[in-house]
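Each of the two complexes below includes chain A, the first together with chain B, the second together with chain C.
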Partner chain A sequence: MAIRISRRKLADYFADEFVAGKKDIHLRLAAYLIDTKRTRELAIIVRDIEYNLAMRGQVIADVMSAHELTTATRKQIEALVHTIKPKASVYFRTAVDPTVIGGVKVEALEQVMDSTVKNKLTMLKANKV
Partner chain B sequence: MSQLSITELSDDLRDAIIGLEKTEGLEKVGIVVRVGDGVAWIHGLRDAGYSEVLQIQTDEGVVEAFALNLMEDEIGAVLLGDDSHVRAGSKVKLSGEILEVPIGPELLGRVVDPLGNPIDGGPAIKTKLTGKVEREAAGVMDRRSVYEPMMTGIMAIDAMFPIGRGQRELIIGDRQTGKTALAIDTMINQARTKSGVVNVYVAIGQKQSKVARLVDRLKQEGVMDQTIIVATSPADPASLLYMAPYAATAMGEYFRDNGGHALMIYDDLTKHAVAYRQMSLLLRRPPGREAYPGDVFYLHSRLLERSAKLSDKLGGGSLTALPIIETQAGDISAYIPTNVISITDGQIFLETDLFYQGIRPAISAGLSVSRVGGAAQTKAIKSVGSHLKLSLSQFRELASFAQFGSDLDEDTRSQIDRGQRLTELLKQPQYDPMSIWEQYASIAAITEGIFDKVVIKKIKDAQIALITRLNADHKKLMTELDKGDKPSEEIQKIITKVATAVAKGFEG
Partner chain C sequence: MNILTQFAETVTDAPKGDIFTTLGIDWQTLVLQIVAFLLLVWLLKKLVYPILIKSVDKRQEDIESASKLADEARKQADDTKNQIDKLLRDAKAQANDVVQTAKQEATAAIELAESKAKKHAESIIESAHTQLERDVIAAKKSLRNETIELVALATEKIVKNKIDRKADENLISSAIKDAS
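Take a look at the complex of A and B:
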């Protein structure tokens, strides 16, 4: 019976493999998760791998906005990420959602900055003003 | 009026918007992986500290939780609110602080939950200060030994097992033996004697009807003004039951740290241990004896160690604790009772048999003890009550033999007679604490043999007559005796004279 490996160790290993340029990482990870019946943990393991990659200087930023990102906004987001991880390469994963009304929501390094109008309105409601 | 409201509203709105503008920036966020039974498992938040407050964002607002299991892959957090709105995938933020509750004199007279929210239907409580729920106990150099009395008003306790300010005295016994009654009487006595001691009563998983009755009674007795009640019911999550005594202690510590005196009543720590066992099992911590986790001793030791008599340098305040433990069939050697017995400075053991024999309070003279209270006993009571415990223990032992035969020698016969009168005298109705002089006069009448010829059934009547006569004819001297100093020869002579006269009226 295989020893259960912690998610943190798995993520560390696959992040190393990714940085080393190995190409069949996704297949091996999928095979391991199926074999150990841990497919339900996939989303969390991916999040852990992204965090480990960020620690190695490759930050994936999830950005949600009401409109397509402009170059200026991208640069601002890069600058924001660099305040936590200087000199890191920033890769964008963008999504457009008109319901956020305005502003952007950035998720990177297990951190969030939500400056959307929708969030502000929600917080106003929560504060019962 | 409406114009004023609109102005206030626009000011509030402006402040809120300014507040929101300041909140921008990256915040650490975790994700709820699993949730159930009041426990949430959270991924992320690698910097979370032990016992740190986490804020789980739900559609219905923020639900607070505190981190108790910091594991390699996830955090086990116990929810402080309703878990029905927390879902897998909910975002979790670090608050950066450990749990704090409002503290201060504003809480006096109120009934609150362990988070300090009022549950008595009164207005919101606005305190200037907050106190940490988990706090280190005072160190060795910050303390001094117990020396001031904490009068309970219960003759059997004040005479045989005296309690001092800063002491931890356990009240232990089966269900329905009068444990809470002792604690309530002690609270009432603080108000009657104007001792200045603040009462903090912690109801851990107690029925709400019982708490309501208690509040009513305390109001009737005029005690509520100097009392804080921290209440949790069986319907509350285990996390709140777990937190209640710590939060209440933080409220009591405010008075202790400001040179005042507070009395903590934890009713009861058995339910507290059960709540902690529930949380620990749900957090998948390994079960030990009786399925309690390994740190169940620490659970209570760190709580009770916060009760202390502070040094004069720190203001000389005190925090006295009366924890309550419920036993099963009188078994004081079970896990939690032995733990708490070893932590506290003595215990008052209440026996079911005595209770149903009508001996109330049903205090067992043999199994009860006060390890440090002797130094705090008033000189007046000490002068008459020093041999009481031994006499009563010997009597109860002899009494069990006496029922087998009547051919007893004179000494044994007189010891049994005295014991029967003493037992009768120490019976005391609920909600009727006695002052120092009442206790002194009553005990003196028995120990000096003045009531030896009084019919046993009339001992209580004789006692009442003695107290009434002394109060009517010698009030000034009795007020002097009430200070607790060793009585002068004049006072002793007067009490002997009045008691002798009273005894004649009740002889058989």
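Take a look at the complex of A and C:
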């Protein structure tokens, strides 16, 4: 039976493994969580790993848009992330959702920039009295 | 008639020089008459006068008593009349006071009622104004919300068909520039 390791240590370990370029990190993490019956902590551990990666200059940006991102757009988003974390390597986790109509929603470094048309319309509706 | 004739004959026949004889006065008869008179006086004094005087005194007392009673009755009547006059004056004064007080109370009651009615009317008007303002504000809010809803809906319908990949890229670029 595997030894129970704290979430912080797990996040540190897997962040280091990711930075070191190791393969199959996700499989090992999944195996460990199943073995220790901690699968419910998956989302939190992944968030902690992402945080540790960001501290190590590896930023993961969640991007949602109505169309696939072009290279120019990706560069602009990277530049935007660099205004917060200079010289960081930016990894994109993209999602295409036509219901946002237009614009982009970027979540990175615990910050959110939502310029989607859907959000603007929602804000407009929320402005009711 | 016999006595007068006899007296005249006696005077005619009497001797001159004695005045009593001349006058026809008989001493004996005179004394007898004096005694009889005095006896009569004495008898009257003893038997008749006391009864008469007593009757007169009693009558006088009755008259005085009646007079006194009449005076008292008159005095009582005057007193009673004065009292009645005084009571009438007091009653009249009280009646005047009552009427005056009633008038004042009626005036005060009318003024109070008018004041209350005026305040109530003002309150109703103010309440109506307030309610009207609330209704106007609510209507404005409702109109604004409906307008926002319609604008959002129309915008969504229009923009959804207008934004292609190129337009979306420009939109994203503009948003990122604004955020930078």
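Quick note on the criterion: the second predicted complex is superposed on the first by the 121 of 129 C-alpha atoms of A that agree within 3 Å, B and C clash if a C-alpha of one lies under 4 Å from a C-alpha of the other, contacts with A are read in each partner's own complex, and residues count from 1 in each chain.
Just so we're on the same page, contacts are C-beta pairs under 8 Å (C-beta built on N, C-alpha and C of every residue); 3 or more make two chains touch, one makes a residue touch a chain.
As the structure is a prediction and not an experimental result, all values here were calculated from the model.
Peer 1: Taking chain A as the common reference for superposition, should the pair chain B and chain C be classed as clashing or as fitting?
Peer 2: fit
Peer 1: Is A:65 touching the first partner chain B, the second partner chain C, both, or neither of them?
Peer 2: second
Peer 1: First (chain B), second (chain C), both or neither: which does A:110 touch?
Peer 2: In the superposition, A:110 contacts chain B only.
Peer 1: In the overlay, answer first, second, both or neither for which of chain B and chain C A:47 touches.
Peer 2: In the superposition, A:47 contacts chain B only.
Peer 1: Looking at the overlay, what does A:7 touch: chain B (first), chain C (second), both, or neither?
Peer 2: Once the two structures are laid over each other on A, A:7 reaches chain B alone.
Peer 1: In the superposed arrangement, does A:101 touch chain B (first), chain C (second), both or neither?
Peer 2: second
Peer 1: State whether A:84 touches chain B only (first), chain C only (second), both chains, or neither.
Peer 2: first
Peer 1: Answer with first, second, both or neither: which of chain B and chain C does A:73 touch in the superposed model?
Peer 2: After superposition on chain A, A:73 lies in contact with chain C alone.
Peer 1: I'd like to know which partner A:124 touches here: chain B for first, chain C for second, both or neither.
Peer 2: After superposition on chain A, A:124 lies in contact with both partners, chain B and chain C.
Peer 1: With the two structures placed on a shared chain A, what shortest C-alpha distance in Å links chain B and chain C?
Peer 2: 5
Peer 1: Can you list the residues of chain A that meet both chain B and chain C?
Peer 2: 80, 83, 113, 115, 124, 127, 129
Peer 1: For chain B, which residues count as touching chain A in their complex?
Peer 2: That would be residues 9, 12-13, 16-17, 19-20, 23-31, 33, 43-46, 61-62, 72-73, 91 of chain B.
Peer 1: Per the contact definition, I'd like the list of chain A residues that touch chain B in the complex.
Peer 2: 6-8, 44, 47-48, 80, 83-84, 106-113, 115, 120, 123-124, 126-127, 129
Peer 1: Using the touch definition up top, name the residues of chain C that touch chain A in the complex.
Peer 2: That would be residues 141, 144-145, 148-149, 151-152, 155-156, 159-160, 163, 165, 167-169, 171-173, 175-180 of chain C.
Peer 1: Which part of chain A faces chain C closely enough to touch in the complex?
Peer 2: 65-68, 70, 72-73, 76-77, 79-80, 83, 101-104, 113, 115, 117, 121, 124-125, 127-129
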